Amino acid sequence: MCNALGIINYDDASAYVEGLQDYRPMPSVSFLGRYRLIDFALSNMTNSGIKHVQVYVKSKPRSVFEHLGTGRQYNINSKRGKLHLLSGEEPIHSEIYNHDITAFMQNMQFIEEAKYPYVVIAPSFMVTKIDFNDVMAAHLESGADITVAYKTIDNAKEAFIGINTLTLDRDKRIVKFEKNQGKFKNRHVSLRMYIMRKNLFIDLVKLAQKTSSMYTLADIIGDNLNTLNIVGYNHKGYVACINNLDQYFKANMELICRDKASELFDPKWPFHTRTNDSCPTQYSPLADVKFSTIANGCFIEGEVRNSVLGRGVIVKPGAVVENCIVLPGAFIGENARLNYCIVDKNAKIMHVKELLGTPEDLIYVKRRDTL
Amino acid sequence: MCNALGIINYDDASAYVEGLQDYRPMPSVSFLGRYRLIDFALSNMTNSGIKHVQVYVKSKPRSVFEHLGTGRQYNINSKRGKLHLLSGEEPIHSEIYNHDITAFMQNMQFIEEAKYPYVVIAPSFMVTKIDFNDVMAAHLESGADITVAYKTIDNAKEAFIGINTLTLDRDKRIVKFEKNQGKFKNRHVSLRMYIMRKNLFIDLVKLAQKTSSMYTLADIIGDNLNTLNIVGYNHKGYVACINNLDQYFKANMELICRDKASELFDPKWPFHTRTNDSCPTQYSPLADVKFSTIANGCFIEGEVRNSVLGRGVIVKPGAVVENCIVLPGAFIGENARLNYCIVDKNAKIMHVKELLGTPEDLIYVKRRDTL
Amino acid sequence: MRQHSMVAMILAGGRGSRLLELTNKVAKPAVYFGGKYRIIDFPLSNCANSNINIVGVLTQYESVLLNSYVTQDQRWGLDAKDSGIFVLPPREKSEGFGLYRGTADAITQNIDFLDQYDPEYVLILSGDHIYKMDYDKMLSDHKKNNADITIAVLEVPMKEASRFGIMNADETGRIVEFEEKPKQPKSNLASMGVYIFNWKLLRKMLNDDVKAEKSSHDFGKDIIPGALNAGKRLFTHRFKGYWKDVGTIDSLWEANMDLIYRGSELDLSDTSWKIYTEDITLPSQYIGRNATVKNAYINQGCIVDGHVENSVLFTSCVVEEGAKVIDSVLMPGAIVRKGAVVRRVIVADDVEIKENAKVGKPGDGEIELIHRNVHA
Amino acid sequence: MRQHSMVAMILAGGRGSRLLELTNKVAKPAVYFGGKYRIIDFPLSNCANSNINIVGVLTQYESVLLNSYVTQDQRWGLDAKDSGIFVLPPREKSEGFGLYRGTADAITQNIDFLDQYDPEYVLILSGDHIYKMDYDKMLSDHKKNNADITIAVLEVPMKEASRFGIMNADETGRIVEFEEKPKQPKSNLASMGVYIFNWKLLRKMLNDDVKAEKSSHDFGKDIIPGALNAGKRLFTHRFKGYWKDVGTIDSLWEANMDLIYRGSELDLSDTSWKIYTEDITLPSQYIGRNATVKNAYINQGCIVDGHVENSVLFTSCVVEEGAKVIDSVLMPGAIVRKGAVVRRVIVADDVEIKENAKVGKPGDGEIELIHRNVHA
């Protein structure tokens, strides 16, 4: 798919992972022990053959820059292809103006210069496996102006809150967008993935800016349901919409399960990430681990149940880690008992012996904190 | 020199290249047709064997990120070494607070974590060839707390304006800093390059912040001339201090001359930059070029005298380019006459037939402008 | 992974002895061309620009420089995670050691390399040719024709056709006959030595060929005729544009000269199909106060203060005041001292034409290769 | 450029036939070790960590996989502009073709490669050994001693000394005598096959050696004794720490087992001296509801739902529910199906132990290599 420019869009106000995001933008939030969220969106694009990807980063771009580098690990050819990290270049006077349309306008030159007739747009907070070649084929076949990937879900009361739901007519044309307020169980939800001609995209961005300085891309698309032929693409397969801490926790937990994980992970569709050159994980004679996902470089002497451990996590003897997400480099000291906790990078549980959260009330331990 | 962390410091208010800098920060200002200013500071560091370099960028980091990439072209080993691009991560409430100390404080964690006993600090706007091993050797021999590289100049009335001049005692200890107001001809001027222990650097940064929220590194060093043993290192050889448009012009012009250029360019001390894969430059049967520096990828059918042409510049028949700096990708149309102009990237001189500046009054043509 | 649906194999073992001293210490694909390039930059850049990620380079003769040159795969952007340029010289196996006995044998001995990537298609290229070609388009043709083998062909003047392998094709482009250097050519479509094979078929043909006692293990002599005889679907892919096999000093000189006319078919300034090469760390070229430069192609690092006309100057050449370089090619680091005159020659790399020396002569005779320093 | 003051040359041509089927299709340096590594990762990572930028790898036997493995130099960070890993197999020259006749001959045939970089020092390494060593410190010693040659040595138990090349040195570390596998060793300082040479001296010695008719062209047998006889300054550099030549299935198994005790001398979790290897794109390991994992070293991509004890599991191994893996090494992709029991063996890559099959036996006998699928 060499005829489309890939755009990984801003997270916006509907997607916010409390705690974790204080330290890093959405794209670099750690996921499943060894990934960052952006790995999924970006691998989907490069696996689909997209050669040139723009990643829009809202704030604190450093961690994203360092994670992505030149995009080599995502198979972007450094001569022919391009990974372009963009953020607002002008000072933003108020956070309400800091949205995707502002960023597109500020970087319009790079969008205009890219020599591709189409754009493929996706957010970084939808974790899924999607081949954009299939979406493009559907787009070309339907003759739509815009194709919007959606998923039919039966848990709209808990998940995808704040995301647009779609009403489709029998030709799959979208006739209505409505924010998911969690009132109904069964909905078609937008994945915020769009395919359209680049010229149309540019027109819409300019129109959005004229309409209101707070308009987003989703807003302007919603405005044009009558004037444009906007069609849905039914994406099957696993999708996690990581737009709050509960969903972040839930997605990590449910992907421990092999059956779920195999819906996302396919050897023919690798999700690339930056390697850390960690050694294999070591289990001591005292280790007692069950039903968990463990990244490399860990050293486990305690008990781990139903948890996700990031790279280089240390669990000392007597410690019990249950229903937890432990991010890379964290240290769980002797005899510490953790339940329903999210322990951020390089945090150390040394002195506190019990951190007992509940599914409804997760405990979040800050980055580099020592408790 | 594996025992020092390299720091390429903010340009500050004393260094500002009008026009050019509206589009890019100091480190990415184009120089001598194929370089960017930062190439010199960064190559000096990596050629000196420094493995880990932090580059502080004041604003608009995108162009610097894209130019430097992972630092591979500067011979930074991607596993053992590190090129760290840092900018203010917090919003700055007013430009007066946007100085080096603020940036160091905001990134203190990365300074503290770097496992090197020394820091080597240099700005991006001093174009010179310097082996920091020599400065380090002098630093160790003198037993100084801080070593400041300086140059003895005889053109202080025109150059290095606003930069600190040094007064040295007979032991080379610095006893006074004074801003160069252009009143005297012969001065010792600071190159803003410092070597000191990393711990001392951290202490000074913290002290500066406590002292005043507008204090810079140069300020706090100046404050401590009595309490610390601060010694000068006399750097010989070519130095251009590119802190305004005139000096930018002058440095480009004087480096056309082989004798001057050979003071800066030494095959054993290469200045690295990002390659652009341009083809060789083509001279048509009509070309008439003398005393000029021409980058690759140009196509010359006109007359060029005493000028610096960047990559991919096109000079059409009948055009006359004299005493000009033409940045990459610019187009000089048929019969256009340019004298004492700086033509920024991708500008096109199509309709205007005369742009005649003078040495005192340079004409600046904006990026992507069509005249 | 669809990444590796086509893997390229570049035959780069040739010695190129008609290039005289230029190939004494380097294989022909590593010979300099075009002011800053080496010949093999062309097939390698074509691969990169055609979205091919895995390239094997089959080397044999004097390959140290060639090996270390192509191994630096970032030069062609082929350093992404699942990309790479791999040097494939002959090697010792448990059953012994064998040099490559022919172009086909070179691939046969590296079936295990190809199996690592399990491609659908294999593209066979020569490391000796200068041209810009989109192999991705050729692959589209191959798929559209449902072909077993596709061969890139180029129209040559009918009178020269007998120097080439000539493809006789029907109106659909299907090859009905192949003649190696025919005395009475029936068509002027010459094979460029660029083939796309379905890998499964090629694998089988190679495994058969290695057992055939009479085979010379060559694509042109054995594999292609064999496939035709077996009734396989062979199609041509028409190439239009600049193509040159620089086998001799004369043709190498000519190909360089082709570049100094903008509007040449081989336009190296076209940024949509760049040719990538070694990244040289040197300042821009300097044209001095006494220089006259007309109709020339000059690379970075050169210092010109004399007269340069109708010539190509590679990296870091020096032409001193009063020197004349006319109708010539100066390879990297060549130096022409004061008062020297250089005409209709190729000066090999790092060779010095001393003060007031004269080399070459006007006219239209053979081009001379200057490979040792020349004194007045 | 001071970048290349020392160039490393890794001798990686050995076949390693005592590793049985593990080296049927790959050279010994490419054999797997330590859950995710290959043996050659150790010298390569040591080079990267010791600030060496240019590494030549001398290959000969079954080198396709080894060549394509080491060519991906970004794995070791050696992909900066003036860095690189270069594969150096034997090649055809104008004077003919020759296999490498010995360790010294391998370097001799690549003098032109080294001359490209014109180093001051050349570091000679073996591609077969597992250890972490700072060659930069060794170079400091070399300079401090004003040595011509420095040889890294390690203390071995006196009773084993007769299996090694033993260095007898004076109190300053200067070598006074070298004995290859002495019956009555005078010291227990064994050569590790790690040498630093002043390149000018080595170049001369190699050029002399190639003409010496009786020479076996070997560093240990010819070059080192020759230098000693000629009165050159040879010094030892004492190495302390883990060092292993994994020449046999037993020693390969042992070296893997050494890793499962944290506090082992070969601590691969030490981030100040990382060992770099291939970057594998696979999710984290999964430990299932029925798993018991004790005293184990397990890599990413594994799926464990059975019992694993005192074992090393490489990338992507599967141990199904009810299966037992004890005192064993599973190489990448090995699968142990339900109810199978695996004990004191090395299971080669991609081998499957089918349901209820049993391999290996307890006790302290020789370690078995399982290189074919096993049925119950």
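First chain written, first letter: the chains are A, B, C and D, and each begins at residue 1.
Just so we're on the same page, contacts are C-beta pairs under 8 Å (C-beta built on N, C-alpha and C of every residue); 3 or more make two chains touch, one makes a residue touch a chain.
Note that the coordinates shown come from a computational prediction; the quantities given were computed from them, not determined experimentally.
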item: Chain pair with more C-beta contacts, A-C versus A-D; value: A-D
item: Most widely separated chain from subunit D, with each centre as the mean of CA atoms; value: B
item: Mean-CA-position distance for subunit B and subunit A (Å); value: 39
item: Separation of mean Cα positions, subunit C and subunit A [Å, integer]; value: 45
item: Centre-of-Cα separation between subunit D and subunit C, whole angstrom; value: 38
item: Multi-chain contact residues (two or more partners), subunit C; value: 74, 79, 81, 274, 276, 279, 281
item: For subunit B, residues contacting two or more additional chains; value: 72-73, 79, 270, 272, 277
item: Residue numbers on subunit B that touch subunit D, as the complex places them; value: 2, 47, 49, 51, 71-81, 115, 268, 270, 272
item: Subunit C - residues contacting subunit A, complex; value: 1-3, 48-49, 51, 53, 74, 76-83, 272, 274, 276
item: Subunit A residues within the subunit D interface of the complex; value: 32-34, 72-73, 256, 258, 261, 265, 270-273, 275, 277-297, 299, 304, 308-309, 312
item: Parts of subunit D lying in touch with subunit A, wherever the complex brings them together; value: 34-36, 74, 260, 262, 268-269, 274-277, 279, 281-300, 303, 308, 312-313
item: Subunit D-facing residues of subunit C, complex; value: 13, 24-25, 59-65, 67-68, 71-74, 79, 81, 84-94, 97, 99, 110, 112-113, 116, 279, 281
